[in-house]
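Below: one structure in structure tokens.
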């Protein structure tokens, strides 16, 4: 799994500006070039908004569920020996070899058409990088620091929340960001299993009808960049300066 | 011969090396010694232009180093550093061969030279040639580092605290090996250390730095111990400087009392040091030792004579 | 398992699709290495450029593959493999740049000083010392890139690439799980095999080198 590098302060300001500029350019392009027959059915505020909301629903629910499952599970597994961990890492590594569209397709066969299928499939998919990075991050915390925390009288929970998790947070957040990007990207494919989302917009376009395609791709890319940016902000806020 | 003329190195407002003038004679070992951050390493790195001086001139055999191609200059000077810096992906033999390869030597010549050098530093190629640096001890690595630096037989060797990270026992052995090696290869050596005892043991001359990048005294070890130029030098030398000086002065350089009367029961050779003589004086019942030059009794020495010799400059040491 | 029987029975279709997948991945990895390694090297020498290239490469990796492939199809006016190869090569830039950077930065400063001190030219330091020492880490980047690209290439089916994604799309249309697995399993097998092969290469290259640790 490819961890995204932690953005510098510069990028924190640059990303929103670039995204805004890109969206403005997209707006100009759509207003200045002639629309093809049928474009109006999809390139309109109502349709776009409904697909955006659907997309955010799929992303939000599946990412939140995945994080809620994987982080606590990772914390638990980090306390155990290698016997339990080896299979987790094995599955996590196998998981990244499974194509995202395949995961969605399998979700379809289990849960049928609708948003429930993609959400549950995405939870399974997104749990893996978060789980893996939570364990790796906690393992990487200097045992001396943990011992010192216990030594000055912190309880196990205090040690976890005040020492271990903050120190593990760069790696943990790297996992969360991988999962988020994975979820946003894969949710775009929900169109193929009737799950809705912004993929509908992209799929409504074609070489001869470029407007829906550019609008869909532009909005979903902007969404991905901004969500990743937002998570980066949270990471910045909770990670201790070292 | 390496000459420094009014060489200064500044980093912004900070002065690393302050107006140094220094002559390093050919085939001598000059030790640059001083506390951390005193500019001794900067001085050395300006010789092979890893650092360029802010002002002043550094010349090798009268030729300004700035006029020379920097790569050619560096290849003509062996370079040994504390962390050794062996290439971890190359074998011992490949490491030693590096500069020869850069210089485009033929394969057979490289092979012969590598074998010769590894033999010289006591790490026979048959045993060590194919090993990787990771499989060697610290002392062995530094031996390979020295062999690599000697690769294309440079006239000069720069050594930056080469034994600084090595345990005391091994360090002593490496120092003795360097003294022996020097007799064989006869290089000009500039050696940086923060260990004054190492400087006194290995140096023909010692340049002792002040903490702010100047040279407090530049002298032979015996002269340094006998006549420290300032309280700073004296404090840097530490305790027992005269006792340590005893080991550096040969009896041949000392004024002896004429031999008269009975031959003393304890004698020492004229090639021995004042330290050996003092040992004899302490053993002899009469408090006197005879100094022999072959069969001949050259003179006698007692405790007062040793004291005088230890605290005043020896012959040839310059009274100045 | 009926999915395995499906694979055996339909190897006539799946075989060529798998070959396409592998061919795409090989081309992509070569392209990404050819661009990413030099970019990583330059980024070590010029810090601002290095950070910029990393930021751009990670922003690219954020873009959903469906959107990227479709946009590239439109921009290149080409169907099938070309937009997929272009998109995947862009994705693979991040691990290549980052690992090249980390590998070179991980080279011991003392080794570099020794190299310069003995009179190596900058190019010789790069080619004889820095890149050979960084090689295991760079291969690590190649490995990450390969595994990622194998999986994402599947999405290329939606812009007309005849790879294993076609079988998955067919499975979606027919609602047949065995057909979907018939596409998914070979993809996973290719990915895991590539991972194992490159992991072995990494270990082989590791002899004696200082390994910079990179979060995988």
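Note that the chains take the letters A, B and C in the order they are written out, and that residue 1 is the start of every chain.
We adopt the following convention: a contact is a pair of C-beta atoms (placed from the backbone, for glycine too) under 8 Å apart; a residue touches a chain by one contact, two chains touch by 3 or more.
Just so we're clear, the structure is a prediction, and the values are computed from it rather than from any experiment.
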item: Centroid comparison with chain C (C-alpha atoms), farthest chain; value: B
item: Central subunit by CA centre of mass proxy; value: C
item: Chain B and chain C: spacing of chain centres that average the CA atoms, whole Å; value: 54
item: Intercentroid distance (Cα basis), chain B paired with chain A, Å; value: 63
item: Rounded Å distance between chain A and chain C, as computed from the means of their C-alpha atoms; value: 20
item: Touching residues (chain side chain A, partner chain C) in the complex; value: 1-5, 7-8, 10-11, 14-15, 93-94, 96-102, 105-106, 108-109, 136, 171, 174, 181, 184-189, 192-193, 199, 202, 205, 207, 210, 213-214, 216-218, 220-221, 224-225, 228
item: Of all residues in chain C, those that touch chain B in their complex; value: 108-121, 124, 129, 132-133, 207-210
item: Footprint of chain A on chain C - complex, ascending; value: 51, 54-55, 58-59, 61-68, 70-71, 73-74, 77, 94-95, 98, 144-145, 147-148, 150-155, 157-158, 164-165, 168-169, 171-172, 175-177, 180-181, 183-184, 187-188, 190-192, 195, 215-216
item: In the complex with chain C, residue positions of chain B that touch it; value: 48, 50, 70-76, 78-79, 81-89, 98-99, 102, 132-134, 145, 148-149, 151, 158
